[in-house]
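What follows is a pair of complexes built around subunit A, which joins subunit B in one and subunit C in the other.
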Partner chain A sequence: MRKQLNIPRATTSVIFLVLMFLGVGLVNPRFLSFSNILLTLNSGVVYTVVAIGIAFVIITGEIDVSVGATLGLTAAISGTLVRDGHMFLGIVVPLIVGIAIGVINGFGVTYLKIPSIIMTLGTNGIFRGMIYVYTQGKWVENLPINFKGASQSLIFGTFTRFYFFTLVGMVLLYFFMTKSRPGRYFRAVGDNPNGANLLGIPVQGTKFSAFVISGLFAAIGGLMYACRVGFITPIAGMGYEMKVIAACVLGGISLTGGVGSIVGATVGAAIMASISRVLVFLGFSSDYDNTITGILLIIIVVFDAVIQKSSAEKMRKQRLAAKIVQGEEVTDA
Partner chain B sequence: MLKDKVFAMEEKKSSSLLSVRSITKSFHTNKVLKGIDLDLDEGDVLALIGGNGAGKSTLMKIIMGIYQQDSGDVYLSGELINMSKPSVALAHGVYLVPQEPMLFPNMSVEENIMMGFKESPKELQKRLATLMQQLDWKIDVNRKAESLSIAEQQLVEILRGLLRESRILILDEPTSSLTFNEVQALFKIIEDLKSKGIGIIYITHRLNEVFTIANRVAIMRDGLITLSGPVTNFDHEMLVEGLLPDALTHQETKVVAEIKPIEYDTMKPIFKVENLCGNGFHNINLQLYPGEILGLAGVVGAGRTELATSIFGRDEIISGKVYIGEEDITGMSTREVMIHGLNYVPEDRYAHGIFGISDVSVNTTSSNLVKKGKFFVNDKDEKDITQRYIDLFRTKVTGQDQIMGSLSGGNQQKVVIARALATEPRVLILDEPTRGIDAGARGDVYSIIHQLKSQGLAILLISSDFEEIVELSDRAHSMYFGRINGEFSKNDITQDNLMAAAFGVSKRRIANA
Partner chain C sequence: MLNTKSLTKKLYRWETFLVILLLVEVVVFGLINPRFLMPRVLFGSVNNFMTISVVALFVTFVLVTGGIDIQSGAIVGLTSITIGILWNDVGMSLPLALLMGLLVGLLCGTLSGFFVAYTDVQPMVVTLGGSFLYSGLAILITNFSSTEAYKGITGFPEYYSNFVRGRFFGVIPYQLVILLFFVAIAYVLLHKTRYGRYVFLCGVNRNAACYCGIRTKRVVMSTYMISGVGAAIAGILLTAYLGTAKTDLGKEITLPVITAVVLGGTSNLGGTGGVIGTALAAFVIGILRFGLSMANVNTQYLDIPVGVLLVVAVAIRFASQNPSFIRLRNKLRRRKDSVNK
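Right, the complex of A and B next:
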């Protein structure tokens, strides 16, 4: 019943993903090998985590373009602390920083009523700049082997530990969002904020927590990035905001809010991760990566907007027509 | 007088289901509610009627906790409640079914109904099924709310309220978009709820419904309850009278103008609308003569603005014809309609009318941009035109470069009218030209309108202020649910007639009552 609403959109995305693999497989059969598929999914783990976080914000009808800078800053903080031997702090402090950035964004959007695109564009600039200040523009290198190794260990010989935990997290969050009372507020708030307010749902509070979740997940993404890449440059995570927003949209999450699921974000992130590898297997330069992501994003958003506009127009006409019909019956009575 | 007699009959009860006492509310300097007392008992259906802007919706939003009152108290069953937010109202069993259903379009009916409950979904599903069985409503709970008709959405809203076991249900114009059969079904439900002791506040614009469904009635006008009591004490005529202002409040604005009678026999209409159908209006026929003011009365939502904007090329026309002189302008774009000599001064200045952060000069001449075929804007032309209208309308500005948004409402309206005139139209549609402006400015706008009339401009005056129509119009039509339901010649334009027609009461019915 409820699934009827989410699953079709995520299903389309899964079909898209499968077709993409099959299509590329026709050109280059090696692409369809089990190990390549796994490698592709595992390589998308950072996108997936950040996309799941930002999905909460997008589903409430807002946007967060500061995730790239959040990821970069938290990765740099984690990297320096771990390099200097503070393993525990290197994990905890970045998470706190991520939450703090989410709190700042949430505060600006819900209490100061700054449009979320502007608020997060501003914080994106601030925290990107802070990476340069913090690292003095230098790369963070020489991370201990055991830290870097955390990203390599496999579970059941297939998924990396990170991807496995991400999938478990996805399932838990999916149930949180569809089954729990506060979890369902996110979609309600994005779907019709006034209606939600009328039902006593804390609209601003829900949006606020969405930003905090997004900040936290960007920080988790930052930790994973530090582990996986092994060094952090000042431009780490740059452009991730477009990738993860595109991932959400590809996964069936509407930018106008109220539509979509965590599963969709995960599938969308897998598609994003695949595109880079597809280019390699088709013999194209990966320079096309961002261009293709951008084109996909716009095609889907335009398609969505056209559908929404026509249905809103239909509703308006129907409503106006209903009044006339009623008038006829009254005057004839 | 009759009103005073009825007013005295209303006794205050302390243990009513709902009592509001001396509620006041202002938005900026605008006093919307000026001390409202209202009581609702168990099993009451209280019909609340009043013109647009009387404060009905504001009052309901205060009871629902969406707005907070400036002063006054809300009591539920004798207990003082601080309605700080909607969840407080919901917890106390108050539920508002808004005029435009506020569903979550992307969720299923079931999700919509069950949203925001603390109970387990299983229990809720069971209660919902029982409730729907009791009411004998058949609606597929798995459908997406988006796909429901307005009537179905309204039913879902009511289900929501009932499932919350609300004791007070506020229905804001519930029948405004329902068909005849759906209205009958709704009335049956209301009767049923009444017998279960639920108190209902029923806001409506249809006086007939008051007598069908309500046992008590209250009339709001200008932020006050002017009349209330058991329905049996009233008839149609008394309600219409209650809706009218006490005395002519605009008296100070009366403009003494020589009214040249229009020679309808010899003149040809400059503007004709024939069997026009569109979104929100049906089969409209109008004729407008040079130098004539034709009033178009009705309540908000009657389809007048939709008619005007469609003629102005902003919405599609389904069938019928519009002529200026002999020229057919049906379905032309806004730009072409303006070039053919028709302009429209919109109802909502803030949304459509002004460029708030531009100066007066830019605002006055901005509609000229479409007419002057040149690429560059002529500065001197702009200044001349602007100055001419500032002088003509006695607009209070510090200079042509004053920012539009800093002008008072009345002066903004003058600039907006000036802008429409700057295109030198032959036909002007004014939509609520004096809404939200003070008495002095209103007088100025009226004299502007008279001035234009004497210059031979044909004016279609859309107004919900019937006094305005009485004062200015040579002829008047009334619109009711998308159709013209009354045509009045100069002598028949009275507030009584317009009010009755706007609320869908026929003359015959008043005569019988």
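Right, the complex of A and C next:
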């Protein structure tokens, strides 16, 4: 039953995305050109990666607001290392740092029992401060051309390599989450932690690994950010946590846990990234960006909640009716 | 016997811990930099955490019902720019513009509160949407102004700024008095009125509250309205203090506000907490930041100690509620009792 409810939810987001593209295409046909669609999707590649990571945490019913600081810190670390000529270290060290931050968050939430929003709020402040300590408040600039060029390199002549690998990763993670045993733990834990515990699922371990995954993906996002932007300021990634959570919600992931998929996170991030480009093509200024995002978020979520409520009500009525019919049969006999 | 018991109970309270923390901070920073203890300097530090405190006081209401409000920062900015435009470009008198600012805060709070209370959407999502929406609206309405957005609207009359910047006897800032005034209001509203009890009951058990005949939906919605007005008040005060109306005034206060509320002992799961704790926590954070910056710590590093403080304090609190810890404590107490006998 859960599955039946889930499939339409990610699909609504896809339909919404397609309708948005078509609608803008009607006004400005140039928007629908293949290269522009790819460009639009590609502009949201950092959001997509971070959203996929945080989706694991949200699906287990927790939240991680430290991804923005993680992204900034890892971007700064990779930037300085690469600038000083350590290409290999510049890729490996940030990933380790990201995992370490995930471990810290996971430890606080699962072992110290600190509510996740408070724990990650605290670590967000701590690691944001660390960026200033690490960079002395200076910008990280002068990254080598081949590092920056990595974000431009194409695969099959059309896709940028980053977005292609993100999509491949998404598909693999989707199968991991829906088909493999440990992958399915995430949704079970988020849906009903006590029930999952009774079934012998390691609830705390699953939550812990969700935070580690989130940290790792935020670090990958940080690497991509460093490549794409080419310079890192101390406020890099600030506010990303909110945008990424919004992307997950737009993609149909419920913050109460247990509902949603990796595909949803990807689609949600694509919607978030498209909004600003859509506005450009419709001739609006980018001032409307936040307003439209806010309105969309509220409308989609409220609409979804109303539909869910009415369908739950309908099912309850059906069940009740079935019970009454059964009861009559019993008395007749 | 009973007396000592209630005394120890009071000593175990979270607020006591915060007071001790505050005193320790004052002593430590006083030792590091004696200038810190000058009344003018110490009281003057209030301007650093005025906004956060006022917003946090009223956000406490939302957290007590088990919700969360991350849109207050956006409302602060929206209020500020509304006042600026109504006064500067529309030509309203300033008091009327301030009133309209409050109204804007109320409306924003009402809109989000309505969605939280009457649809089953999580408060975090609604207020996240609200934060995008209201900060976006703030940017949009600056287009009505003749002043460029990044400059901000300035040139408010003297009395408006003096209202916030002045000091009693040249020592105690008006801001501190205003802040204590709002602490008193929030305290009475949450802890001494029937409405306040309703708010708590909605946080403890919403269904039970509903069966008791409390209009839980209205109560939940009203907490968001209160928090919206609180943010608007903070916007008015901050505009007065800076003398500038800008869209991004409250941009970075959301996380500090939640930090203050949670450090103050209000659970994000609802049902427990209080205004005094929030106020004390806001002071603890404010003094910590101010003291460190006076001890020549780079202001950009100050997020680190605040984050550590939050995590450590909350870890201690949750550890003390841990069943195994309570069992250990009871065991020790029993042993002590038997020795006494």
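Criterion: the second predicted complex is superposed on the first by the 282 of 333 C-alpha atoms of A that agree within 3 Å, B and C clash if a C-alpha of one lies under 4 Å from a C-alpha of the other, contacts with A are read in each partner's own complex, and residues count from 1 in each chain.
The rule is simple: a residue touches a chain if its C-beta (ideal position, glycine included) is under 8 Å from a C-beta of that chain, and two chains touch if they have at least 3 such contacts.
Just so it is clear, the structure is predicted and the values come from calculations on it, not from any experiment.
Once the two complexes are laid over each other on the shared chain, residue contacts for A:277 go to neither subunit B nor subunit C. Within the superposed three-chain model, A:83 lies out of touch with both subunit B and subunit C [touch as defined at top]. In the superposition on chain A, A:228 contacts neither subunit B nor subunit C.
With both structures placed on the common chain, the touch criterion links A:192 to subunit B but leaves subunit C unconnected. With both structures placed on the common chain, the touch criterion links A:112 to subunit C but leaves subunit B unconnected. In the superposition on chain A, contact is made by A:317 with subunit B only, not with subunit C. Residues common to the contacts of subunit A with subunit B and with subunit C across the two structures: 254.
Those residues of subunit A whose C-beta lies close enough to touch subunit C in the complex are 63, 65, 108, 112-115, 117-119, 121-126, 128-130, 132-133, 137, 234, 242, 245-246, 249, 254-256, 287-295, 297-298, 301-302, 305-306, 308-309. Every residue of subunit B that touches subunit A in the complex is listed here, in rising order: 64, 66, 85-91, 96, 98, 102-108, 110-111, 115-118, 141-142, 144, 146, 149-151, 160, 175-180, 183, 206, 208, 279-282, 301, 303, 306, 480-483, 485, 504. Across the complex, subunit B is touched by residues 1-2, 4-5, 181, 184, 187-188, 191-192, 194-201, 254, 258-259, 311, 316-331 of subunit A. Interface of subunit C with subunit A (complex): residues 68, 70, 115, 119-122, 124-126, 128-137, 139-140, 143, 255, 258-259, 262, 267-269, 298, 300-304, 306-308, 310-311, 314-315, 318-319, 322.
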